[in-house]
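Look for subunit A in each of the two complexes below; its partner is subunit B in the first and subunit C in the second.
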Partner chain A sequence: MMENIQATLYKGPAVEASRPIKMSSKDVTVHYGQKQALNGITLDIPERQVTALIGPSGCGKSTYLRCLNRMNDTIDIARVGGEILLDGEDIYDPDIDVVELRARVGMVFQKPNPFPKSIYENVSYGPKIHGLAHSRQEMDEIVHTSLRKAGLWREVHDRLDEPGTGLSGGQQQRLCIARAIAVSPEVILMDEPCSALDPIATATVEELIDELRENYTIVIVTHSMQQAARVSQLTAMFHLGDLAEVGPTEKMFSNPDDKRTQDYITGRFG
Partner chain B sequence: MSDATANGIADAAAARKPRRDIGIKKRYAAERRFKAYGIIAIAIGLAFLVALMWSIVSQGYTAFWQTEIEVPISFSEKVLGTPEQANESQTKLLMANYPQLARDGLVQLLGIDPADKKAVSAANGLISSGTRVTLRDIVMNDLSVIGTTEDVWLYASSELDSALKGQYDLDVPENRRPISDLQLQYIEKLRQQGAIEQRFNWGLFTSGASSRAETAGVGVAIIGSLYMMLIVLALALPIGVAASIYLEEFAPKNRFTDLIEVNINNLAAVPSIVFGLLGLAVFINWFGLPRSAALVGGLVLTLMTLPTIIIATRAALRAVPPSIRSAALGLGASKTQTIFHHVLPLAAPGILTGTIIGLAQALGETAPLLLIGMVAFVADYPSTPLDPSTALPVQIYMWANEAERAFVERTSGAIIILLGFLAIMNVTAILLRRRFERRW
Partner chain C sequence: MSFGESLSVSTFTIILIVIAIGLVGAVLAYRRARGLVGRDGVKLHSRPTYHASFVACWGMIPSLLVLAVWLIAAPIVISADVRGNFPEGVLAQSDLTEDLAYGIVESMGSGLRVLPEDERARVTEATPVEDVADLLRNRGIPIASAAADWMVPLAIQLNSMQIWSQWAMTAAVLLVALAGVALAYRRIAPRLRARNNVERIVTGALIAASSIAIMTTVGIVFSMLFETIDFFSRISPAEFFFGTVWEPRFSSAGSTGSAGSFGFIPLLAGTLYIGAVAMIIAVPIGLFAAIYMAEYADNRTRSIVKPLLEVLAGIPTIVYGFFALVTVGPFLRDLSAEISGLVTGNYASFIEAQSVLTAGLVMAIMLIPFVSSLSDDIITSVPQSLRDGSLGLGATRSETIKRVILPAALPGIVSALLLTASRAIGETMIVVLAAGVAANLTLNPFEPMTTITVKIVAQLTGDLEFNSPQTLVAFALGMTLFVITLCLNIYALYIVRKYKEQYE
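For the complex of A and B:
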């Protein structure tokens, strides 16, 4: 089945064929009420790579991202069509538990949104509701590892009891990443994770994303083409609800096939 | 050089096309005028508030002091019977002529000839007939006082009290005032003996209804109001919060929920007396609950408070930033977990504030209670919410209908007590808000 999908989906140039496909979507459409926001997106997301979604404002890249862990379910007027597979399983299957899905597909948002609780509670919340820890020691272990993986441990290890909202913007965003990592997801979705951060914090988070690539499949929506170029291996260009082009990042930024991609990258619109 | 530059700028300004007159001066004047209107409006509001508080406090503060007379009472066996008899049957003790003890004591204190009927009667008019209860309680508590003589502080009659507080004009002819010249002489004599004193009026807080001002208090009304507040809190808070959470977070948006929403908002504006009629029809006539009971009052006030709590709670829930919900949902929390772990704790200060303000509203409500019979003469403490009782605002309403001068000050005194409770509740609301408010 996997080969079948891969065969039908690849329209653009082959993307590192060696990488297995983690998530694949076929003809994904989204309607907000009467308005169609996505016109049939067909895209494969390779495992343990960073896939960047770029495109001008309102092109549907965030909408697409939110389909991948069914966050659009929370919007009453949103309707999602088509098929999205995670490891070959349809995530919109009525038998799929959305809670389970979101444990496998974590999310980091545009604005850092730590809970107004302590740093420890922020990270431990996910494992707690999913029952990942059987004892206080196990929970401590999860929290410590997650913070370490998110590169925040050194800065906060002596003040885990302090509120997460008291950290700086960049630290808050890394705390949100630690919170997402704590439930051991397979895929992490990031919706413009650096747009509210200063350049230095952005650099730290980008380094972190690069490190996380070893263990997680990452899909990142970004407004900054430089960021897409720096962190991603695969880039998908969205335009007015369509997938304009998808290809290896290097090629996308040096020699795009699509006129729209070329115009966007050279700054003619966007 | 600098001259040249300055000239250049001046030239440039002159060369620029003159702007249309947009009335800068007028604009500033309008702003100043508007500020002045605002200050005047606030000043008028404050003036009314000060006038209101002044009239209440100046009339009411005296209610917190009550004139008492120290009278040597001889608890004679002749009147009370012996302690042995009392142990056998308390009937005689309960029915004994206590006012006679007080009268004899006062007559002796003033050195009046007991045979002089007129003088004795004048003296007797100085002490409250409420002494019966005071003296009976002393004897019933401790039978050993029988046969001894003790100095006891007795309530003065309300006429004496009012006269001492300067509430009567004593220059008018004797037959046109409630206190006679002879009584005034006695008062003077008592004062010289140091046997007359203004003492703090605990009775105002502890006594129930009474037709004599000096023994009337808001004790029963406070208990009644307390029962009602507890009932309102226990019913309106959970029902209101549950309804708001459902409407705000779970309910589908359709015509039916729109209709419910409009109706809740309308309910908040329904005159409170209508809730009283509903309580009378449903709780008393249909369910058969007792009249004048705090339970029924509490139920009626619950209905009245619900819209306030629901509106406040929904506003508080809506004020929680959506990013918090997204964060929790994104981690795989269910909707219920998101609400109870994150949204509700953040909305709690707003909910508490709304609830306390709703309670304060209910505490001051009179009209619906009149209809369910809580406007009653209740002298005994209600031991359960099913017993007859009154409420603070109703007690004020009833006292305001009394003609006696001493009830006028008590009315204002009770208003001060009610305002005190309201102030405490509102301050609590503010403190809770400050204490639990979190930033995000």
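For the complex of A and C:
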């Protein structure tokens, strides 16, 4: 187990320390009713890098991810405290339009959730509601580019009118990524995007994530430490609502400072 | 002559005894199956409860089937036997006289059973019918004056046959029950596949239950069909379906040629018009209420509003009828008088108190809870992941509802609306009180109209015989209504299939 991780580790690209900060959070807390789910998370997310959030179930990593594009707003009982900045702007500022924020910070969910519409309509959904295309040609262009970037074009280009729900699980997840890309976000949040996929589909999606890093800032929650090691440059370890440790992925998996991180990645708990 | 003391065991008691036999068998079977386990590592194929159910089923099902068949067959056999002894003169007459005579024989026969021992002993085959009738009358059993002397022996025969049948049935049923239990009990063994047998019986019972609904529907259709055919043999279908005047005169029986007009168009128009007005008002309001409850209301509001709406759905429609008659109708009439007063200076109301609008409005109030409650359930069942997906792309709540949730919920909503529409078409009480019973053909929603169901009630509650066109038309109307609703449902299924957006 340990050897596997070590072996994959050295293939991973090195962190570029000089990356500017895209999003930064200061002392973020979340309460679900009486229960506190996050106890003050302070974390910087570098631009055009993949940041992995790892940790045992229930540690708050998904909750934190949903803070970054205010998806917790849709849960009645959730209360968010602290400060989250996107390019220096507080996203919880009352002046910020949540619709605009979510167009800039897109999200891909754990379970592939294509709309019960055609493949084309799935991808054109976002651009349509944000008015990004002014003609049919422009829309076609956006849809085709997004599908290409998501690595799905070759497989679906001749059946764009078929329902997105008819694709395989891995294809559906890439369709959801294409759907997120289509609104040209700056940040893409991924909540365990491969947990419902088989190893081959997982490998495809991971490759895709690596390519997307060129243009997008990516934050990914994952349960698979190999995956974190393979795709990410920065890793943050969550534990019971706390940020246990954060650091370059390479260092986290070879020489973690925190005892909890060490126990977790060596499989002693979680 | 009489067979002996009549048996005082009612059918209900027999059923109870059979159930008791089955339960006792079940308990015994359970203990026997349990007893098998201990012996040198024997493992049962099925758990003891299945053995118990197996024995109980064998005890109860065949015997109850025998009971049912006997109850159906015995009267037929007895009737055929007794009628065979009728004098030639009676048999030669019409079926009606024969039925009548048999009715008298039957009531005399069953009357004999009620008489005390000594009085019954006085009745022999030679007793004149007047004496028998007197005896029965004293016991509160009236005998028709058409009774004749030849009926007395037949009544005695019928009585004894019925008593014999009752005895034989009780014996047969109990015997079958005991035999079933005993046979099944003997079959109990470790390898007996009792579970599979019981499961098969359960499947059979479920199939039987679902076929009852289908058979009933078929039965209803046929019972209407024959009467409808009878009606159309008197009035031509063209006159019925294309006639624009509804005026079935209740002419005195026997006088022919003055049956009146049976034009069905005014009724169909009224039904569709009132239903359409109701749906046009109820669907948007109900749907918006459902969207609010499912997507916007917080849990507390929802937990108050939803039960309130469901209470509204439980109000009997006759109460809505009162509301229309006493409140809405007069209000609309006065309102229209005020309006025309303001516009023309002449305070003449242009909305009649009983009108299409009144009925449609009140029916809409009745339908709103149906639309909203059904739609709310359907909208709520759209998976949260679709909402998240849309919101995560920066869609607003209303965009999410319009573009993702409603399309996904559409098939369900369509069938909910169709269900509501069939209620609107079938509604009677509100229409009687709010739109009247006059079969007008008009486009003006401020005038009274009436519907098919109202006219069915009107035609069937008269004193007429069941073989005049005035009453038979009710079946033709019912059949037409049935076909209309059937077409609506088939169309709804088609829509649902065509636009179904799979989200699983």
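FYI, the second predicted complex is superposed on the first by the 253 of 270 C-alpha atoms of A that agree within 3 Å, B and C clash if a C-alpha of one lies under 4 Å from a C-alpha of the other, contacts with A are read in each partner's own complex, and residues count from 1 in each chain.
The rule is simple: a residue touches a chain if its C-beta (ideal position, glycine included) is under 8 Å from a C-beta of that chain, and two chains touch if they have at least 3 such contacts.
Given the structure is predicted, the values throughout are model-derived calculations rather than measurements.
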Putting subunit B and subunit C on the same copy of subunit A, do they fit or clash?
clash
Output check: A:Y32 vs subunit B and subunit C. Expected answer is one of first, second, both, neither. What do you get?
neither
A:K111 contacts which: subunit B (first), subunit C (second), both, neither?
both
For A:E100, using the defined touch cut-off, is the partner it touches subunit B, subunit C, both, or neither? Pick first, second, both or neither.
both
May I ask you to decide whether A:W153 touches subunit B, subunit C, both, or neither, giving the answer as first, second, both or neither?
neither
With the two structures laid over each other on chain A, which partner does A:Y92 touch: subunit B (first), subunit C (second), both, or neither?
neither
After the overlay on chain A, which stretch of subunit B ends up in the same space as subunit C: 9-17, 27-35 or 81-89?
27-35
What is the shared patch of subunit A, the residues that subunit B and subunit C both contact?
69, 71, 74, 76, 99-103, 106-107, 109, 111, 113-116, 125-126, 129-130, 165, 176, 179-180, 183
Which part of subunit C faces subunit A closely enough to touch in the complex?
298-299, 383, 385-396, 399, 403-404, 407-408, 501-504
Any idea which subunit B residues touch subunit A in the complex?
252-253, 321, 323-334, 337, 341-342, 346, 438-440
The residues of subunit A that touch subunit C in their complex are 69, 71, 74, 76, 99-103, 106-107, 109, 111, 113-117, 125-126, 129-130, 163, 165, 176, 179-180, 183
Subunit B partner contacts - residues on subunit A that touch it in the complex
69, 71, 74, 76, 98-103, 106-107, 109, 111, 113-116, 125-126, 129-130, 165, 176, 179-180, 183
